[in-house]
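Each of the two complexes below includes chain A, the first together with chain B, the second together with chain C.
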Partner chain A sequence: MLASPEIRSLLRRTRRNPLAVVGLAMVGFVLVFSLLLPLVLPFDPNQMNVRNALQPPGPVHLLGTDQFGRDLLARLAHGGIISLQVGFAVTLLSVLVGVGLGALSGFAGGATDAAIMRVMDALMAFPGLLLAIALVAVFGGTMTAIVVALTIVGVPRFARVVRATVMQRKESDYVTAAVALGKRPWKVLFQDILPNCSGPIIVQATLKFPGAILGEAGLSFLGLGLPPPAPSWGRMLQESRAFMEVAPNAAILSGLAIFITVLGFNLLGDGLRDVLDPRSPRSRS
Partner chain B sequence: MTNEISDHTGQGGAATGRGRAPVLSVRDLHVRYRTDDGDVPAVNGVSFDLAARETYAIVGESGCGKSTVALSLLALVPVSAGEVSLGGRNLASMRRSELRRVRGREIAMIFQEPMTSLNPVLTLGHQLVETIRLHQPLDRGAARRRAIEMLERVGISDPARRIGQYPHELSGGMRQRVMIAMALSCNPRILVADEPTTALDVTVQAQILALLDDLRAEFGTGIVLITHDIGVVAEMADRIGVMYAGRLVEEAAAADLFSDPRHPYTRGLLASVPRVDLAPRDGPLVALPGSPPTPGRLPQGCAFRTRCAQAMDVCAKPPPELRGADRMVRCWLHV
Partner chain C sequence: MLKYTLRRLLQLVPVLLILSVLVFSLLHMVPGNPIDVLMGEGHSDPVVEAALRERYGLDRPLPVQYWTWLTNILSGDFGTSMYSREPILKLILERFPNTLLLALASAVVALAISLPAGIIAALYQNRLPDFGAMAVALAGISIPNFWFGILLVLLFSQYLGWLPSMGYVSPAEDFWTAMKHLILPAVTLGTAMAANLTRLIRAEMIEQLSQDYVRTARAKGLGERVIVGVHVLKNAMIPTVTIIGIQFGGLLEGAVLTEVIFAWPGIGRLAVDAVYERDYPLIQGVVLVAAIVYVAVNLIVDISYRYLDPRVKLD
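What follows is the complex of A and B.
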């Protein structure tokens, strides 16, 4: 499917969109920072050294240390891994479940559609973070619980987008033609309808990714994320608040990490949406 | 002219009058669309027969229900009453699993818009091979060879290379050829062509029509041709049914219809088409006054009487049914 003309023209048009390129660069930076940097850093992110606490940036600890003397650069980089893991897992799960439910809803219609969409409406009626807090409070602060909670919050929007797109594609000429040739319904769905829904799904996924990262940061800021000493950005931000006057680097840097990651993925997602929306002037190739 | 009524008066056209059993027989077909404003009748009792190797054309203005007839021949729209029988089996009452075995294998369809009738994300080869394997027990290699063979047969050059291309790499005419190849790849007995050339350039139109005619002769496929273009019909139809407001108002062999149109609507249609084979007339082409009635709000009696120059008092009564075998007309002028 990667070689499909839709995807190829998508990449070509993305390159011409400056904001998307900036977003792509920021995302690239975050990926290198979190995935490659930990391999070369000499510090364990959880190694405490209280005598070395709250150091400003210097030649040994490039970004300084936190209140327990842990290397900030190492903690930020490892925190990036946690954020990316959560973002990736939540996005993947939301896509799988959301596309499944949305496709079933849009394709089957009738009572199935009504049942699925009313459940989605009910989930959407709760404020996202509040629902996630409740779910994590119930399941406990493990990685699985956080991912499941954020997925449950994220699925309804996917289901809606996919349902609407599937309903639209269902009326297209090539779907009528496929039915007229005697194709089975599930084949029509998987060969003719879903591959042609890839645009909106991709956009929704790139927007879900930063949403999930922000969600995890929010949960851990509130003390509901992974338990200490896990270097989650949200918890780092929360803990460093107390020392902001003596050592502002920890607070600023963990905030900046969240900011760059979320902004980068959002810009990329917005750029992709511009490119995929036929009404936008940038979409023309 | 009314004295030429044919001798055999079969029942509602049950006999084709051409000495061959029909491969497709449509009886009293009704289709209603459900809308928010209630049911709208789109087709109100259409009957016709298609013999093997024959081209039956349905002609009419936009909105007369001809495309709905085309779709209902494959049960792609719900048939509310009547029969579409294919070798003695009624398609309109089949279960979905039975329908899937009939669609594509016994009756296939090509559409008006070749630009949007192919799946844009799959290669031509992928789509053709899928279609062939739906109904024929061939492995991928054999299906691929058959796909190349079909593309070659519909006049696509270098089919072995084309098979790896995507629809957007082809012109409209080429795509319509691919659609025809797909439709005929399982050797159906009937091909329904819904305005197959409307979206194409005039030169390409002629090529596609010639191709359809060749394939009909070669594969023995009967064709139901839906069009609003009398010129297209003149080129390849054996019999013509003229449709107005969801009904056939006249049916005849193509030559007879052109030389001796009987229903005032048919005459109006023919008079509104410029012809190069006739001497220029005095004055401009004649246009039919008014526009077709809205389905669901048809005039009492004959649906055409509000636009008919020869309307009489009796036209407020339902017009006579189509009778006879070779020459049928639904008009009080011809009883």
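What follows is the complex of A and C.
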């Protein structure tokens, strides 16, 4: 399924799309920054040294230190791990649940479809962050709670996109042929329909990833993310606000880290959408 | 028209019912006993517990509890806040106009940026102004709203000293001071919306510019200014209005963080404060009201579609 012609041609066209290439480069930078940099940095992200607090960038602490004298570069790099973990987990779960519900809805139709879609409609009526806040307030600020809350917020959009695509593909000739040949419905769904829905699913997933990272940053900015001393970017930004006048570097850098990560994934997602969707604004021109 | 409105209202009934079940379940999803939640941890008085159980109806089966809760809400009784002991509906109604003011001001900022940017990008499609506008829009979508707000405070309050960094003043009290307090929050929230809108307006303008009526207008010698300003823009605004409606949910969402940064006393901040106080009934109330408002706004947008574009078939 991974080596389907659709995916291979997708990879080829992605390489020719400047947006996607820039996005890919930025995502690569973020991955190296958060996954490899902590291996070579000599500082523990949670090691306090109050005498060394709020240092400006210098030769020892390249980006300076925070209010407890912790190395900012180390904290930013470790914060990246948290953001990427949340992004990855939420995207994966949203794809699994969203594709499952969407495929079921679009394929089964009728009452099943109506029931699933009404629940999705209801979930979509909640302002996403507000719902996530309420859920995290209920379940507490653990990684699982954050991931579950952001997934619940993210699933409806996936389900809708997949449902629409499945319904469209269901009418294709190759599906009619497969059904006529006497293939079982679930085999048709998994072997013929879903692999041909990979385009919209990939696009939606690349857009969900930055959304999840922004969501986690927003939650931890509100103090509802992982508890201290976890170096989450949102919390770092929140904590640095009190020292903004004397040491603006922490506030600027932690926000910049979120910004670069989200922008990279958005560029990649936008590029992929241009490649995959002939009706998207840019490729229509 | 009336038939369509009625049908849309009927379709909303199941959505609103599911929505209410979800919100009702919130309090019951809290790990442990709802009484622990209501009384706080470490209580040990069985008499008080029994009294609370009866008062909140927790001794009855869940469906009965839900029904009581729902009928209370339908009659306007959202319960009382556990923290301030005030009626929840009163707290929400007090704060709601502030959020509405912020949302409207943000929408004005968003349109002031996105209309010219989207039109210019479409007219100069695939040329420098277009790439510029699209790059800024993508950056605008990716920038964490709360970080942007903090940067604005850093620049306009701390370094330049032009605007207050936070707080709210009622426009009825002192209009100009109120406006000064409104600018930074509205710009913070408005730019986030502007980024999406710019992309949308551009796409719609491009779509409309390729239509036959534009060619006809050009062929009969109409000036480009009239074609774009009158015909194309009018048609491009139809889907834009829908998106503004959909974005309203995004505005409410963004309002949460914006209100916290600027200490703006709206419902977003009310919700966050409720979370800090573990005031679950209040969280329930705010979430429910926000969702209902969103559903209502989208209904109004759908119906207003008909007026903007008589060709739209409503079914």
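Keep in mind that, in the parts below, the second predicted complex is superposed on the first by the 278 of 285 C-alpha atoms of A that agree within 3 Å, B and C clash if a C-alpha of one lies under 4 Å from a C-alpha of the other, contacts with A are read in each partner's own complex, and residues count from 1 in each chain.
Here is the rule we go by: contacts are C-beta pairs under 8 Å (C-beta built on N, C-alpha and C of every residue); 3 or more make two chains touch, one makes a residue touch a chain.
As the structure is a prediction and not an experimental result, all values here were calculated from the model.
Once chain A of one complex is fitted onto chain A of the other, the partner contacts of A:Leu101 are absent, as it touches neither chain B nor chain C. In the superposition on chain A, contact is made by A:Leu267 with chain C only, not with chain B. Of the two partner chains placed by the overlay, only chain C lies in contact with A:Met244; chain B stays clear of it.
Once the two structures are superposed, chain B and chain C can be ranked by residues of chain A touched, with C on top. In the overlay built on the shared chain, the residue A:Leu224 is in contact with chain C alone; chain B does not reach it. By the document's definition of touching, of the two partners only chain B reaches A:Asn196; chain C does not. Judged by the touch definition given at the top, the superposed model places A:Ile116 against neither chain B nor chain C. Of the two partner chains, chain C is the only one touched by A:Ile133; chain B is not. Within the superposed three-chain model, A:Phe259 lies in touch with chain C and out of touch with chain B [touch as defined at top].
When the shared chain is aligned, chain B comes close enough to touch A:Ser172, but chain C does not. Chain C makes touch with chain A in their complex at residues 14-16, 18-19, 22, 26, 29-31, 125-126, 138-139, 141-144, 146-148, 150-151, 153-154, 158, 199, 202-203, 206-207, 249-250, 252-254, 256-257, 260, 268, 271-272, 275-276, 278, 280, 283-284, 286-287, 290-292, 294-295. Those residues of chain A lying in contact with chain B across their complex are 1, 4-6, 172-174, 176-184, 187, 191-192, 195-196, 198.
By the touch criterion stated above, chain A contacts chain C in their complex at residues 118-119, 121-123, 125-131, 133-140, 210, 214, 217-218, 221-224, 234, 237, 241, 244-245, 248, 251-252, 254-256, 258-259, 262-263, 266-267, 270, 281, 284-285.
Chain B makes touch with chain A in their complex at residues 74, 76, 99-105, 108-109, 111, 113, 116-122, 130-131, 134-135, 166, 168, 179, 182-183.
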